[in-house]
Amino acid sequence: MARVDIRLGGSGGQGTITAAAILGYAAVYAGKNAVQTKSYGPEARGGAARGEVVISDEEINYVKVIKSDVLVALTQEACDKFIEDAKEGSVVIVDSMMVKDLPKGNFKLYALPIIKTAAEDIGKSMVANIVTLGVVNEITKLLDYDKLEKGVLSKVPKGTEELNKKALKAGVDLVKNMK
Amino acid sequence: MAYDYAKYLRPGKLPHIWCAGCTYGIVLKSMIRAIDSLNYDKNDVVVTSGIGCCSRLPGYVDFNTLHTTHGRSIAFATGVKVANPKLKVIALGGDGDMTAIGGNHFIHACRRNIDITVFVFNNNIYGMTGAQYSPTTPKGAWATTAPYGMTENNFDITSLAIGAGASFVARTTAYHATHCEKMIKEALEHKGLSVVEIINACPTGFGRKNKFKTPTSMLLWMKDSAVNVEKAKNMSPEELAGKFTIGVLHKEEKPEYLETYDATVGLKK
Amino acid sequence: MAKKLEFMMGNHAVAEGALYAGCKFYGGYPITPSTEVAERMAERLPKVGGRFIQMEDEIAAMASVIGASLAGVKSLTATSGPGLSLKQENIGYAMLCEIPVVIVDVMRGGPSTGMPTGPSQSDIMQAKWGTHGDHPVIAVTPASVQEQFNETVRAFNLAEKYRCPVYVLTDAIIGQMMEQLEIPEPGELEVIERPKPDCKPEEYLPFDMDKEFVPLAAFGSGYRYHVTGLHHNSDGFPTNDPVLHTKNTVRLIERINKNYDDIMKVEEFMTDDAEVLVFAIGVSARSAKHAVIEARNQGIKAGLLRPLTIWPFPDKHIDNILNKGNVKGIVVPEMNLGQMTLEVQRVAKGRCQVEGLFSLMLDPILPGEIVEKIRRFV
Amino acid sequence: MAKAERIEINKKWCKGCEICVELCPTNALEMVDFKVAVKDLEKCIACMQCELRCPDFAIVVYKKEKE
Amino acid sequence: MAYDYAKYLRPGKLPHIWCAGCTYGIVLKSMIRAIDSLNYDKNDVVVTSGIGCCSRLPGYVDFNTLHTTHGRSIAFATGVKVANPKLKVIALGGDGDMTAIGGNHFIHACRRNIDITVFVFNNNIYGMTGAQYSPTTPKGAWATTAPYGMTENNFDITSLAIGAGASFVARTTAYHATHCEKMIKEALEHKGLSVVEIINACPTGFGRKNKFKTPTSMLLWMKDSAVNVEKAKNMSPEELAGKFTIGVLHKEEKPEYLETYDATVGLKK
Amino acid sequence: MAKKLEFMMGNHAVAEGALYAGCKFYGGYPITPSTEVAERMAERLPKVGGRFIQMEDEIAAMASVIGASLAGVKSLTATSGPGLSLKQENIGYAMLCEIPVVIVDVMRGGPSTGMPTGPSQSDIMQAKWGTHGDHPVIAVTPASVQEQFNETVRAFNLAEKYRCPVYVLTDAIIGQMMEQLEIPEPGELEVIERPKPDCKPEEYLPFDMDKEFVPLAAFGSGYRYHVTGLHHNSDGFPTNDPVLHTKNTVRLIERINKNYDDIMKVEEFMTDDAEVLVFAIGVSARSAKHAVIEARNQGIKAGLLRPLTIWPFPDKHIDNILNKGNVKGIVVPEMNLGQMTLEVQRVAKGRCQVEGLFSLMLDPILPGEIVEKIRRFV
Amino acid sequence: MAKAERIEINKKWCKGCEICVELCPTNALEMVDFKVAVKDLEKCIACMQCELRCPDFAIVVYKKEKE
Amino acid sequence: MARVDIRLGGSGGQGTITAAAILGYAAVYAGKNAVQTKSYGPEARGGAARGEVVISDEEINYVKVIKSDVLVALTQEACDKFIEDAKEGSVVIVDSMMVKDLPKGNFKLYALPIIKTAAEDIGKSMVANIVTLGVVNEITKLLDYDKLEKGVLSKVPKGTEELNKKALKAGVDLVKNMK
């Protein structure tokens, strides 16, 4: 597998950084190389935040994402900011509730009700990031579902395992139902 | 009539950087009302701070403002004041800023009794850096650097100030917004070093992990725990357990530093 | 990959490396982007019988690790630029008094409060020159999460072996990112334990000037001695004799210089026939490796010199390569406005061109920019 | 009977902390899409608690002029 | 019987560096007698100091001794103690060392109530650097940096310690050599942070320029000005004017830092 | 010599120079061998309407002079090695926030407490690199009591002109010795007063990135603005934009570099035809001058390059001389274990040999030793 | 009658501060060439004040054994 | 006048540093160049101390005294320490009370009761340094007596002028009477 650059953009508290970490973790347990990085303002909380992960079978030298193979934007701000760095023909996933102004360009766009699914179907908006992971993996087929689920379960707080399992699955279903 | 804060707020800076439910904003408003009531010329007011969430406050107010290094708010303020005693100097900071790394400047300013007004915003945590314990994190409370619960004894910031020699010491809370306004005003009017400890809520760093589910619950905790110092005089230790006093805790007449200095050295102005 | 494989944050890997090396004390003061080192130590130390303390400021933090080390315990502190500035006076104390401690500096954007969450490599010269007076310095420079672990272990080893403070100079990208980490089995990596003096207490000269190395006795172990930040004699008591203090200061610096080969660690990648060298550390070295591969693909004989020890400076390594006569130019990409570049220029002595590639852009330097600089030399 | 003429909410500044909603003695406010909204102006007794304790300068209560 | 100090003095280090009539030597002797009476193993005693005339003291005593940087005596001591709680740690320093530059470490050690014994040698001046004023130089007194007389208010070191949370606070003087021995002993026996302020004479830097013609006159001033704290309770403010109290000024039971820490984190030893 | 002739201590001359330059605030903390600067200011300031304060430590001292300067008053602080280490964080603040202040460092023997009464020149590199992050530095280096006065005046002028902290880097010999001093009449030496902004307060951009220089308005003068040690925009408010912070940091450093000719002051003595150069500052430069005369007497074409500005480093001056092609070698005598030597080597780029002559002996380097080194190059 | 058997003075350590001389209640000591000396051992009442307050470990009083 | 290197050695408190300063001051007012330097231990008081002054009509580059043209030793310690750095044929002055062990060598030795004169004739041992100045100048004739006296008077504490005048004169007489 060649290098895949994934960027998850949102606002602080949406868990995009954690999602990137889980994805990296799962990738590493699947025998790949992975580097997760993040960016936030000087406040270390609130404001725009993004989690990024690079996954590859080869050595990862440049650790950050420049142009994304997969972009997820959970806010309009993130979408507007990062869309120009989506590669030609790459995957772009936006939250359909938050991103009203859909980006146009040469990429595969998925507008899905990620946050709504988390809040309404799962009942916790906090798990939007896990729903996101389900979505991303279902679209890209980066990892075996099992491995990903294992990754999620080992990184989420104790007692929330079932919730997160459901959330991951809900993400997968979002994509499946779309088809 | 709705109070108009705009006169004292720098245009275009809101929304501020503080988290949802962070009570710095409430106190900022009390502070503005207090200063407004004193009719200072904005050009004569200097506000300094150190580093921390609290210390971003000066950026929002339309005075001469100085966001210094971590802990050094008072030390910079001292230079400003000594160089130009006509300026009204307010030095503020968080519990970490003022009593951890900045503790030395705090006690020395109290000792000198220099005419600076000090506000210590005590939210019992290092908010900015993500919830490490501070000298006021309650015993047993969780913090990222106290994963098993806080193990250190606390400062009582007001006792520290009194022990160091401050001539005006008060405590108030973000919940008691009008009381807070009053304390700030009295502190500003006092000649000499005045300290106001302002109990504040950090829902993000402290509240969530310490069983305060919402910002409001933290405000209500302040409401329930604060006892006016006058009332406290008639209460038994049992009744006061788990409570803290608010109001002017100490006030004395004491020579102000710059007046003494100028008189002693025969300053030729 | 059957071993303990983790996907870990760089700062946590530093903490784990310290624990592997036998660290039992952490004294610190929180500062972004280094705080996760403290947080991990706060949680982990009690489990291995160690203690964590958050001091009132960085000055006290540095003092506390020196005190703990004198009590016989391997000690760690971590900070970032503003904190490192505050620690300087006591770092100098540790240098003169030959106290082994490890200081992690997770470099962020300076000067002053600067850009607290933004990575940089702008404390390189400060690590060398930040404290007053002449003094020896060792600094290691990891470039991956695995190296955060391994180099921290090496830093502890160097500290014990050369009885001096050792820096782990890293940056906010390497410190904050997550990457795979194989935790070595006990015994897999060398861990140097602090030797105990074998003389009688009455004969113990804790700062014996005529020896390169004297074991540091722990307070409480029966060797009662005096430690002072004044220039001192072999027995530890102050002396005003300039001959002695010259002798001792030179000895401390020479102890490091003489053991260059042991202390120095440099990765050379495709340098054998290189006509253009890239000299880089940390996250910039990763970009540089990418760039070197790219340049080779373009038919340019590029190579990478990646020091994992930046202080003492790898003079000899540069010399050796330049002496071959192939190198036309050296590119020095660094996330600052020019620090190592000055040193490389000094060592190059005009034998080839040396050009810095500076960035304060908070992201790693782009491989493409490095390639472009490489091309200028061919 | 409403004591307030109107309650102005600055949605751009409101961070949805719910302090105003929870402290309102008459339950005149509510949360809508993570921001505060006036549920029932009639209920408002113009006690000013919400304005006083909103950390974000986001809610302003205009009392009715005395008649 | 003449007391034999030799057991605790490092051979060959006398005469010490202090000036003729400097009273550090008197207190050093009190300290030795106190420690001797407690029968500590010399190997278990650690004495730290900062920088100053006072801070040269550890060099003379045959313990584990650490002459650190200016003001940092307690901070180094804290590291030693936390790393090995079995050690008996004494941190000492002058008024400048402990309450000027070292003020922050002083108050935080008091707050933590860590089991360290702190001696503050107060000679009201920076002796070592040639008589600059310190936080305890009396108002109006001459110092090289107060050529017109001291202009700053003073710390009461014991009030500062109490305000910061110390659990044992005492004051004594060099003149009261046996009382001094007793205070030191009690402080050493106390579990938790104990502070003893020791009033000391610097004839070279302070005395000569402030109308104390001889070292003895400074000792006699101590004799005349010190009032035992018990006796003081029955004296009027007028009677106490110009005097200071000696004795144990504060003592309380309070959780010791390391005990709390070890228990809270469940330290695996 | 009809003028006010004094026989004065070097540290007192610094104080008098500061007063001549209009300094009205001193914030300090005593430390040997700098304390006489404070003592003189304590006595003299009130007589000229200024104020003196002894702060609780050096960190506060440095903070206070920055505060005073923002209140519109020229400010001075003085210290020595350990104090300079403590001041570093706030010095960085003054650099980033463009606050004019003058910092005197009377160098004594380091590292750590070292040799408090012993002179040295071992803080040269610290002055440049002591604080974290990239930052501009100006340092002047007097070599006589007269220069202690004059260079202090120049330091204040440079601070005001380039809106930055300026070091007076001197040593315990020059600071403590007494020598003749002619106090210039008012007006005789240039004194640069701080310019006031001439725009309307609403238009005032205190850190205008598009200008090389913006007058610094005094707090209380009607220009209300914000100052922060975070990277900031032209208006003084924090920004996270790396493009802006790159632009501003580069601007600050370039402002110094671009004005090299104005900032730099170098005395050249017999350099025209020199085959061997001696490069030295402060008290070492006096020995060096003696040595150069001696060498000339012995028929050797020696010359002296004596920078009175050591930071920025006099690269161009060295370049100009080396470009003539006469110089075979440069001797760099310094009272440390090698600091300026590294810089001279860097600049020399192999065009000639460069050799340091290091001493920690507390007395000035002997002219005879310098002559001996000179002879080796011929 | 003398209560002290002898008074030992270490001239190398004595700095001549005169504290012992001035505090001696019986005037048994004196200064000679800037150092302390015993003027009259007979006068000594072995009160130990001199020994106790000599800052320089320079004077030691040996009491007579009780008979 | 070529360079003259004068070294005044004693113990802290004996005022040798002040004496060197006065000499330098007087020299400067006499139109010469002068540099006074000093050395003491880290204690800044007590212990060995020395004041040095170089006087010359030419530019003074090397500011310290290496080999002395004039050495004054007020203690045995100072004498023992500095005698080896007295130039051949130079002037060496010692206090006859303090220095019992007289140095031997190729120099002009003057052993004079400087401290005794100060203590007994003038009545203040503190003015030994001023007596010293009288001695030095009378032997070397470096400066006009008037200029030296003026120098002394302008540098000593107010109210002690007469005392110091007498002390200086006493120093001169010590040498005169010797002859």
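Every chain is named by a letter (A, B, C, D, E, F, G and H) in the order it is written, and numbering of its residues begins at 1.
As a convention for this text, a residue touches a chain if its C-beta (ideal position, glycine included) is under 8 Å from a C-beta of that chain, and two chains touch if they have at least 3 such contacts.
Please read all numbers here as calculations on a predicted model, not as lab measurements.
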item: Topological distance between chain C and chain F, in contact steps; value: 1
Pieces of the assembly without chain B, by contact: A, C, E, F, G, H | D
item: Chain separated most widely from chain C, comparing mean CA positions; value: G
item: Distance from chain E to chain A - Cα centre to Cα centre, in angstrom; value: 61
item: For chain F paired with chain H, centre-to-centre distance based on mean C-alpha positions, whole Å; value: 35
item: Chain A: positions in contact with at least two other chains; value: 41-42, 44
item: Per-residue overlap in chain F, given as positions that touch at least 2 other chains; value: 32, 46, 56-57, 59, 82, 89, 93, 112-113, 115-116, 118, 228-230, 238, 240, 362-363
item: Junction residues of chain B, two or more chains touched; value: 18-19, 51, 69, 100-101, 103-104, 108, 128-130, 135, 148, 261, 265-266
item: Residues of chain C touching chain B in the complex; value: 29-32, 35, 38-39, 42-43, 46, 52, 54, 56-58, 82, 112-113
item: Chain G partner contacts - residues on chain E that touch it in the complex; value: 1-3, 5, 9, 14-16, 18-26, 28-29, 174-175, 177-178, 203, 214-216, 219
item: Residues of chain E defined as touching chain C within the complex; value: 10, 13, 42-44, 46, 48, 51, 58-59, 62-69, 72, 75-84, 86-87, 104-105, 108, 261, 265-269
item: In the complex with chain F, residue positions of chain C that touch it; value: 59, 80-82, 84-86, 88-89, 92-93, 95-97, 107, 109-116, 118, 120, 122-123, 125-126, 128-135, 228-231, 240, 242-243, 245-246, 249-250, 253, 336-339, 342-343, 345-346, 348-351, 359-363
item: Footprint of chain E on chain C - complex, ascending; value: 24-25, 27, 46-49, 51, 53, 55-57, 59-60, 63-73, 75, 89-90, 93, 218-222, 224-230, 237-238
